[in-house]
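The two complexes that follow have chain A in common; it is paired with chain B in the first and with chain C in the second.
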Partner chain A sequence: MNIEFKNINKHFGAVHANADIDFNINSGTIYGILGENGAGKSTLMKILSGFIHPDSGEILLDGQQVRIDSPADAIKFGIGMLHQDPLDFPPMLVIDNFIVGQGGKFLLSHKTVINEFQELQDQFGFSLDPYTYVDALTVGERQQLEILRLLWLGAEVLILDEPTTGISVQQKEKLFAALKVLAKQGKTIIFVSHKLEDVEIMCDKVAILRKGQLVGEVVAPYNINQLVEMMFGKQIVINEPKSLVTEEIVFELDNLCIEQYPITIENVHFRMRAGEVIGLAGMEGSGQDVLLRACAGLLRPVSGRVIVNEKDLTGKTYHDFMRHGVAFLPASKLEEGLVPELTLAEHFTLVTSHKKQLFIDKPFFHDKTKQKIDDYRIVGQPETPVEALSGGNQQRASLSMLKDSLSIILLEHPTRGLDIESAIYMWDKLKERCAGCTSIFFISADLEEIIRYSDRILVFFSGHVSDPQDSSKISLEQLGQMIGGKGWDRTLTDEETYEAITQP
Partner chain B sequence: MKQSRNRSLSILFQFGGLILSLGFVTVILLLVDANPIQAFSLIWQGAFGNPTRIANVVVAWVPLALVTCGVLATFTAGLWNIGIEGQITLGAIFTTGVIRLFLNTSVNPVLVIIIAVLAGVVGGILWAMLAGVLKVFGGVNEIFGGLGLNFIATALNIGLIFGAWSRPGVASMSGTEPFPEIYWLPTVGSFRFSWYSIALTLIGLVVIYFLLQNTHFGLKLKAVGKGIKSAYRLGIPTWQYMMLAFLVCGLFAGLAGALQVVAVYHRLIPAISSGYGFMGMMIGMLINYQAIWVAPVALFFAALNIGGIQLPIIMKLDSTLSGVMQGSLVLFILLMQGVQQRVLGKK
Partner chain C sequence: MSGDFILLGLAGVIASGAPIVLASIGETISERAGVTNLSLNGLIIFSGMMGFWVAVETDSLFLGFLTGALVGALVSAIVAFSSITLKQSQVAVGFILAITTRDLAYFLGNPIMGRQGPIMLSTPIPLLSQIPILGPLFFQQSIMTYASIILIFIVWFWIYKTRPGLMLQGIGEKPSAAYVRGANVGRMRYFYTILGGTLVGLAGPLFTLSVKAGWKGTITGLDGIGWIALAITIFGGWNPIRVAFGAYFFAFLQWLGLVLQSSWTFIPSQVLQVAPFPLMILTLLLVNLGNTEWVARLLATLPDGVRERVKKLIRSLRSQAPAALGTPFERE
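Let's look at the complex of A and B:
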């Protein structure tokens, strides 16, 4: 299906999120939409998929002007959108999720549907079991399910919003292969991303948005530097980070065993030095998150000890860990990190432990918030409720709320969903902390990020934890194999591992 | 500028809800062959027609406003303290118990009243904390726990009135033996209201307003209510704050119960909580948890309650009509808030 955007405009308050967007997408192409956070990509896609209405402008499908009032309308026109967070029903069966959006027929033959489901997934080499529950699937599998569902509903256009976030390398390859097949069949694929490497291998043509405006369109093959310049309006230089490791041991896991169904992690010995950065690599659900939460005091280990600054905190609560200089930044900001409906100023009031009078000194906290907003370049006001901030700004806000002197910061996916500039900024700030002798322990699905920023790497494979790998001695390919369960022959016995770590 | 436009729009929508609920009640009145205009004017007359009636409105306003203050604390912490009726009842029982202890002693009656009211406050707090303990340590949702505790409180109340504390010779639905007048909170002239109750209520209104708007405590309660996981991650001891919210609510409910005994009924009666707890929750929702609106809206509800008494007397209508009005008012205003969000949110 050919899609034409004609002078699309959309305002959110004072923000001109889409300004006179005007371009065409031809059927059978994989079309990339590039831009940093807040450039207007999502807005444009939400307009196309009926979630929001443009203030002015037209959309033409195969030359016909259409009015798309709701997502249900969009799918009737053959437009399906795959969201960054899958919009499915986790407590339901895969097959029920598959059926759920289907309109019209009241009675369904399960058998026919299952046959169609199998046929469809065979085309792409997916292997989803229709009778498992959706909450047992990984993000990548949920994405596959959603693609199948949209195709089954008759989607001719698939919009994918940051589809490679949070899925494994293997799933990414599968996804890309499936998309290529679909494009060959004549379907239109719109690929929204800020990851240049994905866009580079996938897209036939890209449109670049910046601050709500269409900067230009580029046809493959691409010059990456040119794309970056178009996205940000300037060249971006990535500095190689320096290692800031000291000799002082700040954190120790002693023979730690943790169980969190279905993951069991056994006998982790590990010592971390002040200023060190440790990356936890592994496919989603391999146990990294379990270990990280145990390090924060959010999960009680079955046996073993967690030692922070020579104090045994095993079995203590998260708040005890906080008092001893441990901070935890979870991945889902609005569920576990920031309180929805509370403003930035209210957050800073909550996290400030000194100034404990009965009444809130509002001018004081207003000024303090203003200062933090400037320091961390958060786009917002002290009165802005946190859910109104963009993902990147929520991440910055969370970072800015950390106490000044910390021993260790535990992070889940610190740069997930951030554009290059924001990600670089995030790491600059974290490295500043390292210079102040804070250690960083982080999970990421982005292996390049792990290799670039870590001093040492722990690799996870279904609950097994590797001995720490020196990041300067491991290649991207080796790491990719290890998270897939290969190349583990070098694993030492527990005693040997312990020796190796204690004599860095 | 945009904000002020939104605010005036919001008032417009609330006003629309009011009109709709009036329309709804009018339809009901027409259905039962009653003259709506006569009914509304009777309610007005019944509430403000003469000084005694105005005084009675104030008498109803006191517990209603107090209970609403309490409910705001638990609502702010994201808790549905349905058990508030039981907390009022326990306040009344504790107060009655203390006065009975001192009935035939030479202790200064003023001191007895003070101790009795404090005991009532303690009773309300204990009953609320029980709901809190069930929630925090037992995993019992506060709605179910509170509902159960309400039944127990009612049973306890009836048991005392007909058993241990029954009148000599006759146990009766009219309650326990009234206390001698020296144990009554002094009222104004021949009216039923007491300056002391009003003063306590006004203090309560001011306290809850500042507590929720301007203190670190209030902000932490709000954080717990809006996102308990995030609040925990930010370092707030969440279960302790939930218990404190119950404590504050129990305090207000217990005070309301105590004042019903020492200032209004001068004895324990079976329906001592009079549904004020549930009504307080309705008001809390209606005013969208804004403490500043407690006093006027509680006054409005109290007026409906007192004015509604005239309906069965003069028009032979059921007295629950004022309840229908209150309920439909809450429903329609909440409905209009939903409509407003849809209209403003989408565009």
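Let's look at the complex of A and C:
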């Protein structure tokens, strides 16, 4: 299906989220929409999928002007959207999720549907069990389910919003292969992303948005520097980070064993030096988060010791860890990291250790917040509630709230969902901390990020933890193999591999 | 204790459980759609009084029940309007309604206190009522009791086996996902909240015209039933069949209390009257232990094949709260 955007405009208050957007997408292409966070990509896609209406402008499908009133309307026109957080029903069966919303007989019957479901998923090499519950699936599998469902409903256009966030390397390959098949069949694929490497290998053509404007369209093959310049309006230089490791040992795990159902981690033993960056690699749920939380005192180990600055803190609370210079930045910022509905200034009031008096010195904290906002380039005001900040700004805010002198910062997915510029900024700030002898211990699903920024890497596979790997001696391919359970010092037994596959 | 005595008692449990079934199934429907109707305790008392009043004045059981249903629909429409259209707190509105309707019932019900009203008699079903044991238990009941039993299965079937029922699960679970699948979330929530409230409204007259016939003001004995029905809904995992078991079990405990009162005279009668309430909560807690973490740990010690099967069984029994329960839906 050919799509034409004609002078689309959309305002949110004072923000001009889409300004005179005007371009075409041809049938059978994989079309990328690139832009940094807040560039207007999502707004445009929400307009196309019927979630919101443009203030002015037209959409033409195969030359026909259409008015798309709701997402249900959009699917009638053949436009289906895959949301970043899958819009499905976790406690329901896969097959029920597949059926719900589909017109048909009053009584549910799985029989005929299951055959069609299987045929459809065979086309793409997906292997979802229709009688499993959706909450037992990984994000990647839920994505596959949504793709199948939309195709079954007759989607001719698939919009994918940041589809590679939070899925494994293998699932990404499967997804890309499926999208290529679909494009060959003549479907139109719209790929919204801020990840250049994904766009580079997937898209036939990209449109670049910046601050609500269409900057231009580029056809493959791409010049990455040109794309970056179009996205940000300037050149961005990625410096190879320097290693800032010193000799002093600040953190030690001594034969640590942790059990957190269903993960069991045994005999982890290693030492971290001041200024060192250690990355934890592995598929989601392989035990990285369990180890990280044990290092923060949030999980109690079964045996072994956690030693911070030569002090044994095993079994102590997070509060004690904090006092000894450990800080933890969780991935789910609004659930665990920040307090929704409190403003930035109120957050700084909470975390500042001096000025702990009964009554709040409002002007003092207002000024302090202003200064932090400038320091960390947070787009927001002291009065802005944290949930109104964009993901990147929430991340910067969390970082800015850390104490100045810390021994160790533990991070979960420090740059997930951030555009390149924000991600680089985040790491610049973290590396500044390393220069001040702070060590960093972080989880990431982005293997390139792990190799680039870590000094050493711990690889996780189904609760097994590798010896620390020197990041300068390991390639992306090797690391990818290891998180899949291959290429370890000793071969993992079949049983262990089986467990890894069957664990949800 | 003779066999007949027990059989008669259990038949009584089925009858006295009927209004609790109606109330908790009604609440189940409403909560499945994502709306907590907290008013039900007061609503049962109010609809019971109003239904009794109309039945006394008109000498018509039908009009009595109709009045109860209308009161239920009206009160739940207030809950629906304030929570769906005005997006206000369901807890605050429901709680205030629970208290207001209760006090209103006691106040407005003064003139009819102690009056003689019509009583619904049982309608034995020919042939079926002659079956030993099952006959007296299930087929010598009143029409409303039959209706309540049938309702359990209809609602179960609707939720799990029909297309609109699947969408009902959807709007309570994740309204945004239901919306992209074409559901009119607001309208559906109105419909199910008012439907559920209507069923709760029928529970009141079923007490005052049958199970606890008559209106005696504050000592009618309806206060507290609504809260128990609410607990039964929650611990019954929003599954109509499990919810119905809970309702009958509570009725059974109440009957047991009455029986023991006459034989165990050394226990103060108040203790036995109140005992069903805490006992009920305790039982409901025990039934739901399968969801807890230490059970999961216990399972981990079983051999693989067995564990997988037990896990599947527990998983199929498990019924989580509708994730969007109590939260208004914003479509962007």
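Assume the second predicted complex is superposed on the first by the 486 of 504 C-alpha atoms of A that agree within 3 Å, B and C clash if a C-alpha of one lies under 4 Å from a C-alpha of the other, contacts with A are read in each partner's own complex, and residues count from 1 in each chain.
Operating definition for what follows: a contact is a pair of C-beta atoms (placed from the backbone, for glycine too) under 8 Å apart; a residue touches a chain by one contact, two chains touch by 3 or more.
Please read all numbers here as calculations on a predicted model, not as lab measurements.
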item	value
Which of chain B and chain C A:Ala177 touches, first, second, both or neither	neither
Contacts of A:His319 with chain B and chain C, given as first, second, both or neither	first
First (chain B), second (chain C), both or neither touched by A:Leu342	first
Touched partner set for A:Leu476, first chain B, second chain C, both or neither	neither
Which of chain B and chain C A:Val100 touches, first, second, both or neither	second
First (chain B), second (chain C), both or neither touched by A:Tyr133	second
Contacts of A:Tyr261 with chain B and chain C, given as first, second, both or neither	second
Residues on chain A lying within both footprints (that of chain B and that of chain C)	52
Contact footprint of chain B on chain A as seen in their complex	13, 52-53, 318-319, 322, 328, 330, 334-342, 346-347, 349-351, 353, 356-360, 362, 401
Footprint of chain A on chain C - complex, ascending	161-164, 166-167, 169-170, 173-174, 176-183, 293, 296-297, 300, 315, 320, 323, 331-332
Contact set on chain B toward chain A in their complex	2, 210, 214-217, 219-220, 222-223, 226-227, 229-237, 346-347
Chain C-touching residues of chain A, taken from the complex the two chains share	46, 51-52, 70-72, 75, 81, 87-92, 96, 99-101, 104-108, 133, 261-262
